[in-house]
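Structure below; questions to follow.
To keep things simple, chains are lettered A, B, C and D as they appear, and every chain counts its residues starting from 1.
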Amino acid sequence: MTIPAHRDLVLDVRGLRKTFHSRNGGPREALRGIGFSIERGSCLAVVGESGSGKTTAARIVAGLESATSGTVVVTDGRAGGKTRHGVQMVFQDPYGSLDPRQAVGAGLHELLKIHGMRRRADRRTRVSELLESVGLDDRHAGRYPASLSGGQRQRVAIARALALNPALLILDEAVSALDVSVQAQVLNLLADIRERTRISYLFVSHDLGVVRQVSDTCIVLRNGRLIESGPTADVLDAPRQGYTRALVDAVPRPGWRPRRRPA
Amino acid sequence: MKRDHTPRGAAARKIAATVAGAGATVLTASFVIFAGLAAAPGDPVSQLLGAKATDEARANMRRRLGLDDPLLERYRHWLTEALHGDFGISLTSRQEVTDLVGPRLATTFLLVGMAALLVVVVGIGLGVVGGLSRRGRAVVSALVGLGIAVPGFVAANALIGVFAVDLGWFPTYGSGHGLLDRVWHLTLPAVALSIGYGAYVSQLTAAAVAEESEKEYVMTARGRGVPAGVVLRHHTLRNAAVPVLTASGLAVAGLVAGTVVVEQMFAVDGVGALLIRSISSKDHPVVTAVSLIIVVAFVVVTTLIDLLQVALDPRERATS
Amino acid sequence: MTPAPLFRIQDLHVRLRHRGGERTLVREVSLSVRSGQSVGLVGESGSGKSVSIKAAMRLLPRGTRAEGRIAFDGGDVLTLGRRELARYRSREVALIHQDPRAHINPTRTVGAFLTEGVVHTGQMNRAEATERACALMADVGITDAARRLHQYPHQLSGGLLQRVMIVAALLPSPRLIFADEPTTALDVTVQSDVMAILLEQIRERQVSMLFVTHDLDLAAAVTDRLAVMYAGSIVETGPSAEISARPLHPYTAGLLQCRPSTAEVKRLTAIPGRPVAAHEAGTGCSFAPRCPFAVERCRAERPHDRSIEGRTVACHRVEEIADRLEERAS
Amino acid sequence: MAVTLGTAGELTRRRFASLGRPALIASTLVAGGLTLIAVIGPWIAPYDPDATDVLAAHQGPGARHLLGTDSLGRDILSRALAGARLSFAGPAVIMLISTILGTALAIFSAWHGGRVDRMVNRLLNVMFSVPGVLVAVLSSAVFGSGFWAPVLALGVVYLPYMARVVRSVAVRERHRGYVESLQLAGMSSWRICLRHLVPNVLPIVTAQGTYGFGSALADFAAVSFLGLGIQPPAAEWGVMVSEGRSELLDGALQQSLSAGTLIVVTVVAFNVLGAQLSSRSGGRR
């Protein structure tokens, strides 16, 4: 696949492979050569069931894991150091996404400080801005994670990620652990943020309904292989692969009947 | 390399690795002990020959003992001899170390055996009671909390004061002759030795039983109307057995090392007392041999626990 | 008159001892399941749905107290003696748990797990139980049943293990199955598979089911009737198809609207705030703080069940707002 | 060894923890009081703990000597009070060594994971499989008796107990989202470990350290009792139990009894306190 030169890509991944070597079970191929790219300002969803390799792919893009082979190019318009500051990540478990012994505001101050915001007054303004941008306010700055609900914690985690002005935000099942009524709030928040800024999302999820709401394009993974890719609407409305069809058909909705898998 | 990934292959590999690890531990320990003692201050030659010996006699003795050889050479030599059952000659009594250790080993084994019986029977028994009954829990907790905190040498003093001096039921010291007399002599030492470890085992048993009885699969069984007795045997006790047996094994291993203190306290003439005596008189061949025996006993017991775990827990058997 | 339901909960309260006081987990829950019927009990975390099922099995943890009446086939479950309770649990009802891996003893074989329920309650001998287990395993699509019996839980996948759990539930031929989020831990395609198997089996055998889940769409698809729970109370009860087509309680409507669809993209109508537990709810309607239709009365006075359009709805304003609930969605 | 003493300790502590708040207060008071005595003991002792008075030997408890005198006529109360200092100094240094080294090793191991973690784990297992008393006794054999030989040896013996418990908590924290997102934010490993991991393992370190202090005190006294640690005539509880042993046969219980009781009370207080701290640190989630 050739990419036209005028496309402004924030992420370009090619030929990604990852093999895990466990000590007893022999090698396990988590990713068997996948490629995808994200245009600036857009959202790519990575869809798959457990063991599909979707989280591994996200972690490699973030730089938390190294690929066995393949290339990951992030274009964030800034000089990159060892870690990719242009890429930030929000994780699944709202209870693990924040340091339990650090107040929300102190954590944000610390992040801004190590990124060169020296003056306290500047930081304070920025902290207020960040909290406001995720639907919280200064009252939350003094609170510890234990006194926040799951939804509030994920909002703080998003604010922390935004503090570094990333070009790409990876959301690894970031709303899966939330109750539906709260999940909707966070999904709306993510949509608002994307509208306001030019940020791009890499959205990892097993939930096709959520994927439909947030993403422009999507790729479907199964056992480390890319099964199908394209605009989300096309993939979900008219899947070309049997597996994608099965995934879509398995989602409960009005008038749905569960079906046994052919043996 | 082709590996056998079946559960049986995994179990076999695990057993092999455990046994190999135990061997490596013993070998390392033997070298550390040997090298440590070789570096210790004190001259075995003066000890053997006395201060008045001539320089020539000293040099002869040094050569005979191989003291001029490099450390590794001496260790290799010692190890070869030791593997053939020869641990050298005691520097103080001039007896074969094997002859010194042999008879005392029987005494120590009897002591450890008696204490182990107490630890396992009383410790596990109390623990199960404490883990199951809510009323029993408080009593067992208090007993156990105290038992764990009483060091063997303090317990020994109290036991001697009460049962030997005041009541006169048991002898105050010595190891006795003949089996019955020995058992009589070793009763107080065995009790003193077993208190701490018995408390440890019963505490762990109580905790494991209490924890298991709250497990989801116990609820599943109760929810299916399975009688309480069956749930207890098939689930609660069955699954608590793994940590309980482990703790008991570690406790027995601990008893082996604990004899060093308790034998001294009751003047029981076992290998533990021999070790302390030999350290005081810088009798290094005896110290090395006895330490090694204790390490081997310790490692054998802990290795048996590991193997037992593989037998009891199917997950341990599998590739993880 | 219709015959009495097979299973009926009336005015159930569950309270937990907590720091000297008591905490309400479930408040005034009433619910019934008829013979051969499937009823869904839907709610978010902390709504009290799992606690209700545990109360019905008499499996509440220590320090928890259930009051009210739970009737099975006319008998009061909460006052059953030891022998009758064992009989009730072993023959009349069965429970399928959310996480099969935690609920099956990892140190015993699949065969031992499957047969223990019927063998130790004197319903079958081991040979009969094994034979029947093999037959049922074939029915639920587990191949190679004889070999599976000798395997340990860690050697089976989650989907397979949940099918083993279904077999265990069916083995004593119960009349009612409680299913507590049976597919939540599974992938969607596996969920569809396991759910289809479960439905097929209970329909074939005329078994009733009380199905607990957080997924309203799933519950609506697999049950005849629904009860929606919020903060320890049931807010709406009625036929499943009708509830999902035309919700009458603002919370039910909110749940349906905030669930993203795979078929279309629209801005989600989120419910503000977070779900509360029963003990956090104030004196008024527990949903009032999050409800766009709440008025003074809602905040002051706890609503009672009202009958409307053949349903039971706990909302003061149900008649006024029933037609406006859907408008908000668009 | 697959099953760990660390886990055993975890279960054990949970039993103690069920005693609740009164136990926390009582154990804090007792442990605090004893520590205070260890600091000021020599100054509040009514007599010179080393002053012998052969004429006043073997006295029972009385008005002049509250706990009586030993075979050399020394005041037992004064010796017990003054002896607290050495009896506490030993375990204090032991726990200092094992806590600092154990925590550092645990965090190092948890941070790097993979092969490093496996190797550290294997090292800890080897250290576990060597009996502690033996190491202390042999250390005296090699380095000579006194304060430092058994203390250094026991410091190493207690290290794996600390490291095992801290490592399990640190590994759990290591893989939480907040640590990984700090890495992505470009924070240095040092800073993440010191500013985020250490504070989060600190409660369990304190608990384990307190718990271990009791056992270390008993072990250190045992070595002195054997004559391989603190040497007579210095006042130390293990030495006192040892000296009281010969008087025991004459029916004079007070020396060995008072020193023994002090040891038991101290160990109980620190064990209960450690259990309470640990249950409170674990109750966070």
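Convention: a contact is a pair of C-beta atoms (placed from the backbone, for glycine too) under 8 Å apart; a residue touches a chain by one contact, two chains touch by 3 or more.
Model, not experiment: these values are computed from the prediction.
Trainee: Moving only to chains each one touches, count the minimum steps from chain A until you reach chain C.
Mentor: The fewest touching-chain steps linking chain A to chain C number 1.
Trainee: Any idea which chain sits dead centre by C-alpha averages?
Mentor: D
Trainee: Could you work out which chain's C-alpha centre is the most distant one from the centre of chain D?
Mentor: Max centre-to-centre separation from chain D belongs to C.
Trainee: State, to the nearest whole Å, the distance from the C-alpha centre of chain A to the C-alpha centre of chain B.
Mentor: 54
Trainee: If you average the Cα atoms of chain B and of chain C to get two centres, how far apart are those centres in Å?
Mentor: 53
Trainee: For chain A and chain D, let me know how many angstrom lie between their CA-based centres, rounded off.
Mentor: 48
Trainee: Which chain A residues sit where two or more other chains touch them?
Mentor: none
Trainee: Sort out for me which residues of chain C touch chain A in the complex.
Mentor: Contacts found on chain C: 44-45, 141, 143, 187-193, 195-197, 199-200, 214-218, 220-222, 244-245, 254-255, 258-265, 267-272, 274-275, 290.
Trainee: List the residues on chain A that touch chain C in their complex, please.
Mentor: For this pair, the touching residues of chain A are 49-50, 149-152, 179-185, 187-188, 191, 206-213, 233, 236-237, 246-261, 263.
Trainee: Mind pulling up the chain B residues that touch chain D in the complex?
Mentor: Listed in rising order, the residues are 21-22, 25, 28-29, 33, 36-37, 39-41, 137, 141, 144-146, 148-154, 157-158, 160-161, 165-166, 172, 200, 203-204, 206-208, 210-211, 242-243, 246-247, 250, 253-254, 256-258, 260-261, 264-265, 275-276, 279-280, 282, 287, 291, 294-295, 298-299, 302, 305-306, 309, 316.
Trainee: Going by the contact rule set out above, which residues of chain D touch chain B in the complex?
Mentor: Residue positions touching the partner: 1-3, 5, 7-8, 11-12, 14-16, 18-19, 125-126, 128-134, 137-138, 140-144, 214, 218-219, 221-222, 225-228, 238, 241-242, 244-245, 248-249, 251, 253, 256-257, 260, 263-264, 267-268, 271-272.
Trainee: Tell me, which parts of chain A touch chain D in their complex?
Mentor: 62-64, 81, 83-85, 87-93, 95-102, 110-111, 114-115, 146, 157, 160-161, 163-164
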